[in-house]
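Input: structures, listed below.
Across the two complexes that follow, subunit A remains constant while its partner is subunit B and subsequently subunit C.
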Partner chain A sequence: MELSAADLAAIRLTLELASITTLLLLVLGTPLAWWLARTRSRWKGPVAAVVALPLVLPPTVIGFYLLVSLGPNGYGGQLTQALGLGLLPFTFAGLVVASIIYSLPFVVQPLQNAFAALGDRPLEVAATLRASPLDTFFTVILPLARPGYLTATVLGFAHTVGEFGVVLMIGGNIPGQTRVVSVQIYDHVEAMEYAQAHGLALSMVVFSFLVLWALYHFNPQGGRRG
Partner chain B sequence: MTPATQPSILARFRLGYAGFALHVDLSLPGRGVTALYGPSGSGKTTLLRCIAGLERSPDAHLQVNGEVWQDGARFLPTHRRPLGYVFQEASLFPHLDVRRNLEYGMRRVPARERRVSLEQAIELLGIGHLLARRPDRLSGGERQRVGIARALAVSPRLLLMDEPLAALDLARRQEILPYLERLHDELEIPVLYVSHAPDEVTRLADHLVVLEAGRVVAAGALGDTLARLDLPIRLGEDAGVVLEACVLEQDPVWGLARVAFTGGSLWVRDAGHALGQAVRVRILARDVSLTLTRHEGTSILNILPARLEDMAEDGHPAQVLARLSVAGSPLLARLTRRSVHALGLHAGMPVHAQIKAVALIG
Partner chain C sequence: MPFPRLLAPLLLMLSMSVQAEEVSVAVAANFTAPMQKITTEFEKDTGHKVQLAFGATGKFYAQIRNGAPFQMLLSADDETPAKLEREGLTLAGSRFTYAVGSLVLWSAQPGYVDADGTVLRQGGFKKIALANPRLAPYGKAAMEVLAALGLADTLAPRFVQGENITQTFQFVSTGNAELGFVALSQVMQEGRIRTGSAWRVPDRLHTPIRQDAVILATGRDNAAATALARYLQGEKARAIIRAFGYQI
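Then we have the complex of A and B:
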């Protein structure tokens, strides 16, 4: 079993997509998770529900609405065009946007739990020790929420690697641009190339296993607290 | 200094939750230890948190030694207030070792405002051997000592302590109390000390504020406030007075020392204090009995002539609490109503106070 150049391109594209998506999700997810963990606003419930939607919706539903809204007649599409970005469907950038939405709960929820578990005390202690809120975030919250960040990173990355339905809807199947591993496997199977499909599929299995193993190894209780 | 120019803390707060309201207007001395005393739920911790800015009271005025921390719309956030705060649980940062916990606050204070050095804080609390340890490798008492040192290392202009000993067992409390006394003796930082333990209050405080249901029921110098007849009910078995005294003579044969206070002197167990050293003695109301004439042939060492000033109801209908004056110094005595009747006691009467036990504190 040997991986072809096209297979390797798909793997590289997948890793690139997952890395960029995870990085953006950690940056965007942190304030959102912080707000969800600490707010007493009545909007907390609705916002939390929206964040969790990708957990329950079929990926094709997400992909369908993204395709419609980011298309030439959708609000999103009109916005990206007005900004001079062109249309996002069937581009790598479109895939990134879709992946962010699709993997959002897998990053936000572990962070939210980690923030909530910290409670008020470390923040109050830091304030009495002259640390401003931003200072406190980087010197106290971030180190204490490290297990949550590890979980969020691994889950966000792994979940993006494993997406298929959303990609197919909004990304299509353009080699080197939107053809990720899961789509490539589908293509192999369609073409009855079972050996090639097997090679890629097995790589995915091994990869996923290693990622989860690492997660449980470094983070046995899903969050240690001193 | 006259009282008007003496540095002081002015605190007025109004704050309401469901089932609880804090409503205080206090003027506290800007030096020494002020104990905020009261049962749990009396609002003492809430008051401390308001002063720290951890709790926001909409209608408030707070001024500390001339600086306004809160007034109307002006609200200095906690991290801009030059205070130190010791929480009930030491709340050390678990991701930092002891040294970096101590440095955390100190580094955020401009060098020119540092008056307590790290070495001084470490030495005062005796934690030099713990610096490389992680908080989870410390005992409860050690953790709290580090917590206190960490608060001191920010050179606070006001030190707030929220029941720092409450989470510790008796042995650990005995371990820490001497360190707290050293703070009191060696640093010029005013301290607000929340406690519901009478022994801590009598040992450490110079000034006492008694809170109940969110209101101040008494405030004043420790000795005066403790001697008030309307408070001892709340102190129960711990009702009594504290007198400032100094060691006058030692009797090595019997292991006793004589300490003098304004108005008289007392024999106490010699605790090794040097001659002339200032000490505090605590005399509980239940350890004082009265006689009309001076008894001979008694085992009681300390019998002082006194004047009966006033009497008030005590917790139980059988009991009466009497306030005496020993040439100006107050004493409290817990008597039965029957004895009051049998001896014909009334205000203004000369009596002899027989003191069964005197505790030397600090």
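Then we have the complex of A and C:
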């Protein structure tokens, strides 16, 4: 089984996209998940519902709305143009934005559950010891919520690797920029190049299995106590 | 005329109970609208029932090879039916061309594309959309046109590719690509370009986009399949097909 240069480029691009998306989602998702876990605001319900929406809508539908809203006639597109960013569809940055929306619930929900499970006690103890909020976050919350972060990372990464419909709609299939593995496999299948499709699909499955296994194995809380 | 008005449905019911059959047809997505119209007429005229499934030809090929319950395929190209025939999955001798597609260079903006397509040479655009030439006959034709004009290499960095002609149309209609090669049938209504601006690409610049149909081996004894194949080649169906921007 041999992978072509185009296949390898697609693999590289996919890993890049999934890594950047996961990293940004962890940074953006933490305050959002924290707020959702702790707030008593009446906005909690609506916000949680919006976060979960990408689970409901078919990816091609999300992709189509992104194409329309980020295009030159949409509000999103007019905003990015006014900010001097140009139009996002058919760019790598556009894929990152789309993936963040698409994978949002997969990162926010595990974090929210982890934060909710902490309870008030550790925070009260930290406060009596006069830890600053930032200090509390890094020395108390983060270590305690580690399994939640692991799950969020794995799900966010895996879900972005497996993303297809959204990328198909706003990617434009540009080599090295928007042609990710899932699209490349689809192209092989559609072109009836089943051997290449099997090769690429198999390497994707094997790679993903190894990464997920390694993550679960090396996580002390999730792995050994599991 | 009260008498024939009563008689007609009776006769229809009678004829249906005698020989009406059902045929399940896989139809290339680009032919959705004309096929719906043709099917309505066909059912009215013959009493047969037609089940339509719309989708990508490549997907249908994989499904048919793996036992999908279709009796007929209306392909987006002429290669797939020929391939199925070589593999012994069709009713021998049932293959025919039901439509020939026409290519247009189209923009959603009025006045953007001129009547001779010189906009391609001027190149004042960021993105030009075309269907993936490896997968879609319209994409292959678009590449041939660009090659014939000597622009294939210069414009390649500005390509955005749709997986099929429908997606390509969406890229252009949403304005994300300023212009693109789409099917005339997508932008034409009652013989005129509906919106935006277009250059009707001369047929001599690319090989004809033949769309072939074939009765599958599973439809061998299906009277409705045979009738539909004949109907598609009749003048009534052809008039509908032409009205949607195909040649035949």
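By definition in this document, the second predicted complex is superposed on the first by the 211 of 226 C-alpha atoms of A that agree within 3 Å, B and C clash if a C-alpha of one lies under 4 Å from a C-alpha of the other, contacts with A are read in each partner's own complex, and residues count from 1 in each chain.
As a convention for this text, a residue touches a chain if its C-beta (ideal position, glycine included) is under 8 Å from a C-beta of that chain, and two chains touch if they have at least 3 such contacts.
Keep in mind that what you see is a predicted model, and the values were worked out from it rather than measured.
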Contacts of A:Asn73 with subunit B and subunit C, given as first, second, both or neither: second
Which superposed partner A:Ser132 touches (first subunit B, second subunit C, both, neither): first
First (subunit B), second (subunit C), both or neither touched by A:Val140: first
Which superposed partner A:Glu124 touches (first subunit B, second subunit C, both, neither): first
Residues of subunit A touched, compared between subunit B and subunit C (which is higher): C
Shared contact residues on subunit A - subunit B and subunit C: none
Contact footprint of subunit A on subunit C as seen in their complex: 56, 58-59, 61-62, 127, 129, 132, 134-135, 159-163, 167, 170-171, 174-177
Partner subunit B, residues of subunit A touching it in the complex: 121-122, 124-133, 135, 139-140, 143-144, 225-226
Of all residues in subunit A, those that touch subunit C in their complex: 64, 67-68, 70-74, 87, 89-90, 168-170, 172-174, 183, 186-187, 189-192
Residues on subunit B engaged by subunit A in the complex (per definition of touch): 52-54, 77-80, 83-85, 87, 91, 93-95, 104-105, 108-109, 134-136, 150-151, 154
